[in-house]
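In the two assemblies presented below, chain A is common to both, partnered first by chain B and then by chain C.
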Partner chain A sequence: MEKQFPVGKSFFTALRDVNLDFGEGEFAGLVGPSGSGKTTLLNIIGSLDQPTKGDAEVMGKSISELNHKQAAQLRNEHIGFIFQTYNLLPVYTVFENVEFSLLLQNHTAAERKKAVMEALDWVGIADKAKLKPSTLSGGECQRIAIARAMVKKPKLVLADEPTANLDSKNSHHILQTMKKLNEELKTTFLFATHDEKVMGYLDRIVKLEDGRVVEDLVNEKLKM
Partner chain B sequence: MLALKLAIRNLISAGLKTWLNVFVLSLSFVLLVFYNGMIDGWDRQAEVDTKAWEVAEGQYWVPGYDRYNPFTLQDAHQELTAEVQQMIATKQLLPILMREASAYPEGRQQSAVLKGMDVSQTMLKLPLNDLQNVADPASAVIVGRRMAETLDVEVGESFLIRWRDVNGAFDARMFMVVSTFDCDVASIDAGQIYLDIEVLREMCLMSDEASILVTDLEEAPELAGWDFKNNDFLLSDMKALIKSKRTGGYFMTFMILLIALLAIFDTQVFSVFRRQKEIGTYIALGMTRRRVVSIFTIEGATNSVLAGLLAAVYSTPLFIYLSKNGIAFGAMADGTGLTIGEAIYPYYSMGLIMTAVLLIVVSATIVSYLPSRKIAKINPTEAIRGKVS
Partner chain C sequence: MLKFIIKGILRDKNRSVLPVMVVSIGVFLTVALSAWMRGIFGDMTDLNANFDSGHVKVMTCAYNENKSQIPNDLALLGVEEFQKQFEADYPEIEWAHRINFGGLLDVPDENGETRAQGTMVGKAVDLLSPDSKEIDRMNLRKALSAKNASRLPQKQGEVLISQDFADRFGVKIGDDVTLFGSTMYGSMMFSNYTVCGTIKFGNAVLDRGALILDIRDARMAMDMEDATGEMLGFFKEGEYEDVQAKAIQASFNAKYTQADDEYSPTMVILTDDSTIGMYLQMANSIGGIMVFVLILILSVVLWNTGLLGTIRRYSEFGVRLALGERKVHIYKSLLGEAVVIGIIGSVLGTAMGLWLAYYLQETGIDFSALMNNVTMMIPSVYKAKITPETFYIGFIPGLFAVVLGNALAGRAIFKRQTSQLFRELEV
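On to the complex of A and B.
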């Protein structure tokens, strides 16, 4: 797969010769310095962008062939996103932020409430359901983001630098939470990161440099 | 429904900015309804009053008579046929004889039109019965309040009137004002002096003659030798004037609406730019671009709905008060020569309110949609990071 972006009259190649396969339940990371293509690859897998050459197949769907509506449906049904800056909706409460994904899936109010409270329980902030994100710490906001990504029980969660704005203690807490969810729900997690703390939790590390895959390592634990 | 719910939630959270837009837009609602309600009230009032005091259901004119050409008045008289006499006897027609005259109150000269009418008539609201049971019916006149002020005469006072008979011979004598009347229809007041038609016929040697015939028949028959003028014609000038006032009102409303819509447009443009991260997040969470556009559009349109509600809160008591007590136009009405009551009672019809609501909601929706369309072209990967330029 290849991805190019227009820069003036020429093109910048963000990804080249990428050939990867991620299985169900993996806890994997795309690792590399800034500009190595991690986020671009994550965006393509998340159907927010399309490759210039080649294709990405996600849940049996060809990303290149999806139109806007089909891509939205894929994200809505199967993919959860966690962003570096949380991207919570500031006018909504914690509960409403997490509920948002379910609103798009036409669940009843009772179903939504049960699922949201369950997701908030997973990440340990059920007691803050009525608060606005602006009143919470960065760690708590990222936990809301995880709950929002997990509440619809997606098959795939894409996390772009989820610990970049967190201190060490919060980072470990978040990662432990995600690892627990990965093990309990068999959800595939794919990270874009250059945080070594994250790497310690990953089962598989794909190293990228200048848009190329330079290393694809499976954690020792998995090898055993 | 989701889009509406989210839009309302976003609007309420936006706080003061939302309420400023809503307030300005609510002013458009109020002014639109207020001004057009006033014009409608004036229109209804003027039509009702003009029909009641002057034209009933229509008039028959002597051929050649033109109400705007005083030179035609001299010859505007003809003898009544038996058919007409019969209809007058059964109160289907009211004959009016009109003659030019000069009034000389305290030596000043004032042009006037003498109007002779049956003192027992009930077709028009003119109080001609005041001319009955007076000591000297041949020297009794009534005038409107405006004419009394112009002549500077009061009830019981006399002044000289000079006129010409059918042969062109001048004659003059003193007439006493036996009563005055107050009426919103300036054209039957200013410059008009009313007296018994039989007295005027005798003064002008025009036995059994009339200049116009007023009818209250809704289906007026053709009368040989008379030109029928229906109310579409008789009220046309008044309608045209009211229409021109309405157009002026539309312009004023349009300007205010434009300001309000510009505020919404500006807010929407700013929103699409400022909230790009939110837009990107919506898309990442699985919302279609079309749905995001609809959220932003509904947000703008909801401004107009809130404005309507706000306008209803503060304007309803005002409108109810005005429709009951009217808006005083006394001094202005006198100078215009128009059919304007001392007070205009605005008329707020359901149609007017619905039109205002529809106009403002539709226009607010359109100006909300235009900037929101940009969302459809936003690159979500850049929007998520807030990097759309």
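On to the complex of A and C.
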């Protein structure tokens, strides 16, 4: 697969000759220096962007063939996103932020409440449900973001630099949380990161450099 | 989802306060100004109708052609009979006879010698018939001076003179005055009256030097038995109806006006006077004009505040897209927010506007100091008029402008690539 961005009159190739395969339940990471194309690849897999050449197949669906509506539906039903900057909606409570994912689907208020509380429970902040994100720490915010991504029980979670704004204690905490969810719910996790701490948790590390895959190794130490 | 939108608006002060303020100020101005303008133009129309032109007016053809000279020698004769015929033909109209004339008013001293003398515009109306509506039409009770023992004429021979004239010549209540003029047939006439009251209409033209007397007195003095200068017709319903007036005019003139007889009656209607026609049109269209202007201004302002708001909210839109919301859906929710904000702003603005309009309706603003030299029949206290329109008119620009503003601002969502919108939240 290849991805080009128009830059002025010419093009900038952000991804080239990328040929990867991720299996269900993987806990894998795209690793590489800033500008190596990690986010670009995550966005394509997340159907937020389209490849220029080649294709990406996600859960049996060809990304380049999805229209807006189908792409939105794919994200809504199967993909959860976690960002470096949490991107919580500041005017809503913790509960409402997590609930938002479900509002786009047809659930009754009772179903939503049950699912949201369960998700907050997974990440250990059920007691903060009624608070506003602005009153919480960065680590707590990222846990809300994880709850928001997980509440609809997606098959795939894409996490772009989830630990970049966190200290090491909080980083380890959320990584453990995600690893636990990966094991219990069989959710596939795909990270984009250049954080050493994250790499320690990954089962598989795909190294990117200037848009190319330069290494793809399975972390044998953790596999055991 | 709607609940979510409303919660968002209520909690996000940045998102709601500014637009609500902009909308309510705009709506406030529309409501108050349109009620005020409507009141002013309506008052101008009424003033002209009540004092001068009626809703319709019947004169002889010759009188009409020379009306600027108030030619009572061309007055309509046989008015008793005409009155009966008109009443039968046009039951929706009630009639009032009026004689206007010019003259000299002489104020004698105790020896009967002239103490002061001034020109005077006389208006003879039916003051004494118990069922006459003329006192109300000319608002005479309110115009009576409160500074002295002024009262309305109660018998023939009693007259009202304008306060200005009385002040200028030191005329007091109970003084006798002599009117010099000419009869309908052109001979000299003079006639004595007692001043029973002084009046001030608050209109420069009317207040300059007016004498108001009962039409019987004028008929007697001017030899105008069974004659009148003008017959004013008013719709019994009270409001002027242009379409109906035009129809009545056409049928009247076809029936009564004879091309070869310049003494045959002819009818003119209120809007034949182009200035009044314009007042009336303004009174009826001012709301529409204000709404149009306001939609233009408000939408541009709200478009810009909306743009700022949208840029500020890219991260929110990015997240919502990532969660699987469609762009169209986000766009629609922006329009939904606009409706909610528009309604809140319009309700607030209308309430404030009604409050000011009510004040302006009851009290008005007095411009008389500025209007000493005005020669038009316009009121000097400018009052508003609250109509049913006042209650809903603000909602049109209020809602329309926010929705339009957000609709324009929200296009940014579509203009950007999804991943691009998204990238902007990664900074």
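Points to keep in mind about this one:
One rule holds in what follows: the second predicted complex is superposed on the first by the 220 of 224 C-alpha atoms of A that agree within 3 Å, B and C clash if a C-alpha of one lies under 4 Å from a C-alpha of the other, contacts with A are read in each partner's own complex, and residues count from 1 in each chain.
The rule is simple: a contact is a pair of C-beta atoms (placed from the backbone, for glycine too) under 8 Å apart; a residue touches a chain by one contact, two chains touch by 3 or more.
Just so you know, these numbers come straight off a predicted model, no measurement behind them.
In this overlay on chain A, chain B clashes with chain C. In the superposed model, A:V214 makes contact with neither chain B nor chain C.
Once the two complexes are laid over each other on the shared chain, residue contacts for A:L48 go to chain B and to chain C alike. Residue contacts after overlaying the shared chain place A:K69 against chain B and chain C alike. In the superposition on chain A, contact of A:F100 is made with both chain B and chain C. The contact surfaces that chain B and chain C form on chain A in the two complexes overlap at residues 39-40, 43, 46, 48-49, 68-69, 72-77, 79, 81, 83, 85, 87, 89-92, 96, 100-101, 103-104, 148.
In the complex of the two chains, the chain C residues touching chain A come out as 1, 4, 7-8, 11-12, 15, 315-316, 318-327, 329, 417-419, 422-423, 425-426. Interface of chain A with chain C (complex): residues 39-40, 43, 46, 48-49, 68-69, 71-77, 79, 81, 83-85, 87-92, 96, 100-101, 103-104, 148, 160. Within the complex formed with chain B, the residues of chain A that make contact are 39-40, 43, 46, 48-49, 68-69, 72-77, 79, 81, 83, 85, 87, 89-92, 96, 100-101, 103-104, 148. Looking at the complex, you find that chain B touches chain A at residues 2, 9-10, 13-14, 277-278, 280-281, 283-290, 379-381, 384-385.
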